[in-house]
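Consider the two complexes below, in which subunit A is the common component and subunit B and subunit C are the respective partners.
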Partner chain A sequence: MSLISSSALRRTVQPTLAAVLLTSVSAMAVIAQDQPVTGGTLVYLEQQAHTNLYPPAGGFYPNSGILNQITDKLTWQNPETLQNEPWLAASWEINTDATEYTFKLRPGVTFSDGTPLDAAAVAKNFDVFGLGNKELGYPVAEAINNYDHSEVIDPQTVKFVFKAPAPGFLQATSVIGSGIVAPSVLEQPYAELGDATKIIGSGAFVVDSEVLGQSLNLKVREDYAWGPANIEHQGRAYLDAIQYIVTPEDSVRIGALLAGQADVIRQIQAYDEGQVEAQSYSVLSAPTRGVNNNAVFRPDNPLVADIKVRQALTAATNSAEIVQTIFSSHYPQATSVIASTAAGYVDLSDKLVFDLEKAKALLDEAGWVPGADGVREKDGVKLELSVYESLPQPQSRATFQLLSQQWAQVGVKLNVLAGDAGSAAVDRLDPLKTPVVSAMVGRADPDVIKSNFYPSNRDALLQKGGLNPNATFEDAKLNDLLLAIASEPDNAKRLELAGEAQVYILDQAYVIPIFEEPQVFAAAPYVHDVSFDAVARPSFYNTWLSPR
Partner chain B sequence: MSNLDLFTTRRPELGLSKLRQLDVTLVLSWAVVAIAVAWAVAPGLFTPHSGTVGIAGNQLRAPDATHWFGTDEIGRDVLARIIYGAINSLSGAVVAVVVGFIGGTSLGLIAGSVGGRLDTIIMRIVDVLLSVPGLLFQLSLIIILGFGTVNVAIAVGTTTVAGFARLMRSEVIRVRRADYVEAAFGSGGRFGAVLWRHVLPNSLGTVIAFAALQFGSAILAISTLGFLGYGAPPPTPEWGLLIAEGRNYLTTAWWMTTFPGVIVILIVLATNRISQSLRRTP
Partner chain C sequence: MTRLLVSRIGQAAVVLLLAFTASFLLLQALPGDAILIKYQNPEMGLTPEQIAEIRVLYGADAPIWAQYGNTLWNFLQGSFGYSVQAGVPVNALLATNLPPTLRLASLGLVFAVLIAGVLAFAATLAPFAWLRNLLQSLPALMISVPVFWLGIMLIQIFSFRLRLVPIINPSEFQALILPVATLALPIAAPLAQILIRSLDEVQTQPFVSVARAKGASRPWVLWHHVLRNALLPVLTIAGVLFGELLAGAVVTETVFGINGLGRVTEQAVSYQDTAVLQAIVILAAVGFVLINLVVDLVAPLIDARLKNPVGASA
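Here is the complex of A and B:
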């Protein structure tokens, strides 16, 4: 029902702005095709419901799809050059060892509740993002390292001071996790922020209403006048409203789009791309520029504690076959821990060669011999591993099933578990139950490697001091390297360290890179100018709908 | 169908009794179940393809002469997956029915024959079991027991214990008051012996028909849990799992979900038909 009413709404294009823009009737016919039209509601089908909308939790795709519309950031990372350009901050200064950042804010910016977005508000945001708040339950943002404190110099100037060099901080001010919200938002307990209506930002759209787990409505902010300085479009967004509808089934999303009930859908699978393009709909793909879609080992599990086993499984993995069988040209085969479009990337494809004989030899060396049923055994224990499919990742189940098929050729069994989100979340923290997991993070800065592996961040390997309280595994060398990346002020040295980390991680065979994860969207032909930030999060600020 | 059956039973003189004996649907039903059992016992005889290993480059092929039911997203033959999946789904259903049958009939037999306070206690427990929605109960059990085919089968079986117990009890109570049972007691038969010799065999008929019916619903229940991802872990083929895996490809590869779905429907219908005929035979 709501779908029908909104598509009717969409057709009521506001004629007023068009009249202002166009001086003669004859010009209208020519320009109407490519001049943005104001008005209309965009129906956006999302695969999963959003979780907590605390900005640093914005890495989760559904969260970022919302936060990117309702919050602004200090700087804007140009997706083409990866340079940081002014947004809420008009200018900034960084001291030579990257321990002090001073931002001059753009004047006249307000939150949607009318309160000013000033230095005090920005300071409050980064104090919470950088230090967390144990009382209210706010975790530390993974993008911000070595944060010490903030200083409000005047109402438009704020200074951030770091305990150690924080070269990634400028880029961190542009990431999806650094959207600025009203200080009152951060005074509520963390758990309250699952309710989108409580998130008050300064973005081009405002949350109008939501039905938890089902739908969310955004409406345009008429007085918005502070888009990123270097983009052409200024002023309010063209759309009047955006309607998010959670539609978990891939086939339903694609069907709704092709039937004209939706305008943009997130996560279209490779096998559906053909039918979308065949009907002159567009497939929009953007790279996430971070840690690739990797199969990550948990060295605390005795089965994969031996480096030889991990190296064998790396050699037994044919990622080219996975990409060719399951994915499309939008999904490049991985050649390192991080994507080839990421900052600091080093091509390590020579460490990722598919070689069954080498895999078998390594497993033999490690003492795993083929048993009666073809599965290798050692001291009566079978080399049988389990992995949970990862719902946010494209075709995770098919990927792991194909991986399972490949590993079976060298006598290793891989079970692919689905189950419910609750069991998966608990078991994922237990290396004995999940010796392998799927992991990826998008961020166009070398800090992303630390985000993925450091124990107090995402802790992909489940190290001591991280998410698993019983962990015994710890790789001090890796952790030192990760810390060094996050605190090396010299950019060239920093990229070098990032390269070293990639080499080290693959030498230890902690992960098996599979593919460079893009975000793939599909849009109806009358939807124009959907833009993406540097890590493939959609922004509908520039988006407009031509009359159908 | 049942109308026809009623008709033929009431008027055997019309010469339709032969048709009744050679009921086409019943024969077909037995054939369907026999084929499914054969798949489970010797899958290799029915397909040259592997149930777990696909051929890259062969993915998402529409049904053709080589792959009768098409191939899935990683190039596995769908028919082969169904055939190799039979063992998981059928053995699961057998375990579920055996668990329900043994558990339920013993409870019902004890409750019906001993009577009194024990009867009340057992039947109240059964009432509680019946009041919990089946799927919820099964999911709770699986979370406790862990994932896997056997655990799913046990969970499904446990849910049916209550139904078996109720039915058995009512049958036992009916038989218990029959003259020949009283006579057996009267002529000095011991309680257990009479129960075993007279009460149990004479009250089992309906329960066996119920078991056949449960077999069909157990396949459905196991497929449901497999669909939700609690059953055999992929890449092991299991019917519910096959349906679940194919559903995202419905617009591009209808065969991945449709064929496993049709097979499950056919087998469940067949077992229902067989159960119906068992109930009618005295």
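Here is the complex of A and C:
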């Protein structure tokens, strides 16, 4: 795991006696880490209650924090190499054009209700994930493209057939949305899967009890013997139980952690990191390895239809200042459309240089001249844009307010709106009301670029054929590139295409990358080996508690 | 008495129907709805056709009058539909969340009444004028303290600094101490204010001087003669304060991370979870109706003049 707790990092860079002492302390901790202790309950404070626990709905952080412990996946994506390694699938074969995937399952795996996790069960899961189920209300999983059908070859072998090449499917079997659940789960109405006790998986933990909206208890599965093949720890998890407690208030989560009432907390704000580290608690951050936290333009809005305006606003954006002022070292400044830890990343920081003079010149060229109040005008129209703060993203409001100040320096006004969820959802589909939106997607596969921009996926630019029925804007070249990424069977070529897409998107100035979004957690000093999957979802399989 | 009851129940039914209709119309008038917020969210990556299918599934594609009729019919049968956001039936949501809120609110009210009573007596009987003034101005201070700030302060001081009560995994008794205090203090304030003023007013009446002249002590007169006369306005306010209790529960439950109707309401409002909101509006309306009925029934017991309404109005 490439995670370094920042307190450990500080210890090694201060060449003082205290540092030497502390280093020896952490050396002792390393010795202690060799012998994990079995037992204990981990108290985990979550900011929001989970919602529907249908695995493809696992993108929501509170859901994935639970699903990651109670379900297993066919493959395990090594967070260091981003390669897919065996888990529930012992081996697999992919045909040359990536339209057929055959998985050999690991024998002897059972769901927590005792039923076998066999080819039929896996086939049933992916049939629902890939095709949905209209009768019971199951939507299609975002990560699975071009799915056609499954074939059960023998009890341990399952084959998936695709309508068109699906090179992203192997990685899609490892994402949080592809946790395998017992077939009986998928026979219940979708609208009832918010009840965690109904989710039966094969994971290292099992749902024990739940108080809806307040707390959830998981207990260890004693007979668990099928962790990812290539990790050191096998057998049952070290913890006896995990207790999730929903604690919406930031200060209460942090206070409870520091007062010894909780062991791990999710979502700590950058401005709170200092007080956590000051007490030798650790701040754990993990990258989400996907599309960065970007400000996205809607070219259908006449104000930003002109590429020069978009380029000017890119030059007027000082993302370094945003990161330094609002965030911490755990939030790297963005240098491309996708994160530097993402698959297929290319460094495009030379396209993102902060240059006020260039910005002003571009706006002058585009015919926008400063008006009496300093805001630029053209044909009597003011260059005034709006953006909704995005509640799931860290300090979105502060980010856009600072951006608004930066753009004001070149005579562009940005209003930061904080509407109710309903208005925001409606306005988001109207480019005239939201010329700029905030968007990010976490997934460690080049498909993530398509997920964010393609009209039938998240449609960040609001293109024709997408979410906005009145859209006229369409960028055929971009869409071709995105489709090519999602269907190119050759991996090297695929990464190359991903690079081209990043260059193209920034050349068109469709987005302004701000920062690489991490998930930040804090843990007590006696909590060891909290691991994260490739997109920052915590796994407590390896976690153990040393005596306090 | 029976006639009174029957007419009050009839009124209640009308009030409930109006509350249902008004909330239904208002929720429909809001931009967007729960399905849009949840499924049109780009995070779900659904196509417009898939979202349309989900609408059909939730019955949200029907014309508005049909939806109104369906919802009303289901409500009459005790079925409140599904929470789009939480993914569970609304009945299950209410069954888990109503009891803790009822317990919190009723304990909050009991303690609010106790605090108000003690404060009002102390403010009236305290030995020095400056002390009386100080005590009399306390309710004004308590009213101005925001509930969420009070809650966070109580947690920081009593749980995190002094470590007297844990917030995470408390025992059932411990779990109630700080939330009840948080809820009770702001509710006690208006009660105390009204009780203090009303005690003051009644004290100036001639029958008090008569009782004192007969040799009764001040506290005795206050308890036996003044209080009973001063209680009526307080009782009326207590009925109205039920709304305050619900509002206070939203904040208290969120700050303390305990489940309850307040938290559910807050979530349902932010995600426009219409089915949940509709059920909560009806529950709240039922609560108001019941409490005001109780207040009306209790008032004559406190003030005998109200037993015969015709005589009282003469």
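The criterion applied here is as follows: the second predicted complex is superposed on the first by the 508 of 548 C-alpha atoms of A that agree within 3 Å, B and C clash if a C-alpha of one lies under 4 Å from a C-alpha of the other, contacts with A are read in each partner's own complex, and residues count from 1 in each chain.
Rule of thumb we're sticking to: a residue touches a chain if its C-beta (ideal position, glycine included) is under 8 Å from a C-beta of that chain, and two chains touch if they have at least 3 such contacts.
Quantities reported herein were computed from a predicted structural model and do not represent experimental measurements.
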Which superposed partner A:Asp420 touches (first subunit B, second subunit C, both, neither): both
Partner chain(s) touched by A:Glu249 [first = subunit B, second = subunit C, both, neither]: both
Touched partner set for A:Pro469, first subunit B, second subunit C, both or neither: second
First (subunit B), second (subunit C), both or neither touched by A:Glu100: neither
Subunit B versus subunit C as contact partner of A:Phe60, first or second or both or neither: second
Greater subunit A contact set [subunit C / subunit B]: C
Which superposed partner A:Leu429 touches (first subunit B, second subunit C, both, neither): second
Contacts of A:Ser386 with subunit B and subunit C, given as first, second, both or neither: first
Touching partner for A:Asp459 - first (subunit B), second (subunit C), both, neither: second
Which superposed partner A:Ala49 touches (first subunit B, second subunit C, both, neither): second
Doubly contacted subunit A residues - partners subunit C and subunit B: 249, 251, 255, 420, 423
Complex contact set, residues of subunit A against subunit C: 43, 45, 49, 51-53, 57, 59-60, 132, 134, 137, 139-140, 142, 190-195, 211-214, 243, 245-249, 251-252, 255-256, 258-259, 261-262, 392, 420-429, 439, 451, 456-460, 467, 469
For the subunit A and subunit B complex, residues of the former touching the latter: 249-251, 254-255, 269, 271-272, 274-275, 321, 324-326, 386, 395, 397-398, 400-402, 404-405, 408, 415-420, 423
Residues on subunit C engaged by subunit A in the complex (per definition of touch): 30-33, 36-48, 50, 53-54, 57-58, 82-89, 92-93, 96-97, 152, 155-156, 159-160, 163, 166-169, 254-259, 263-264, 267, 270-272
Residue ranges of subunit B in contact with subunit A within the complex: 52-54, 56-57, 59-60, 73-75, 143, 147, 228-230, 233-236, 244-245, 247-253
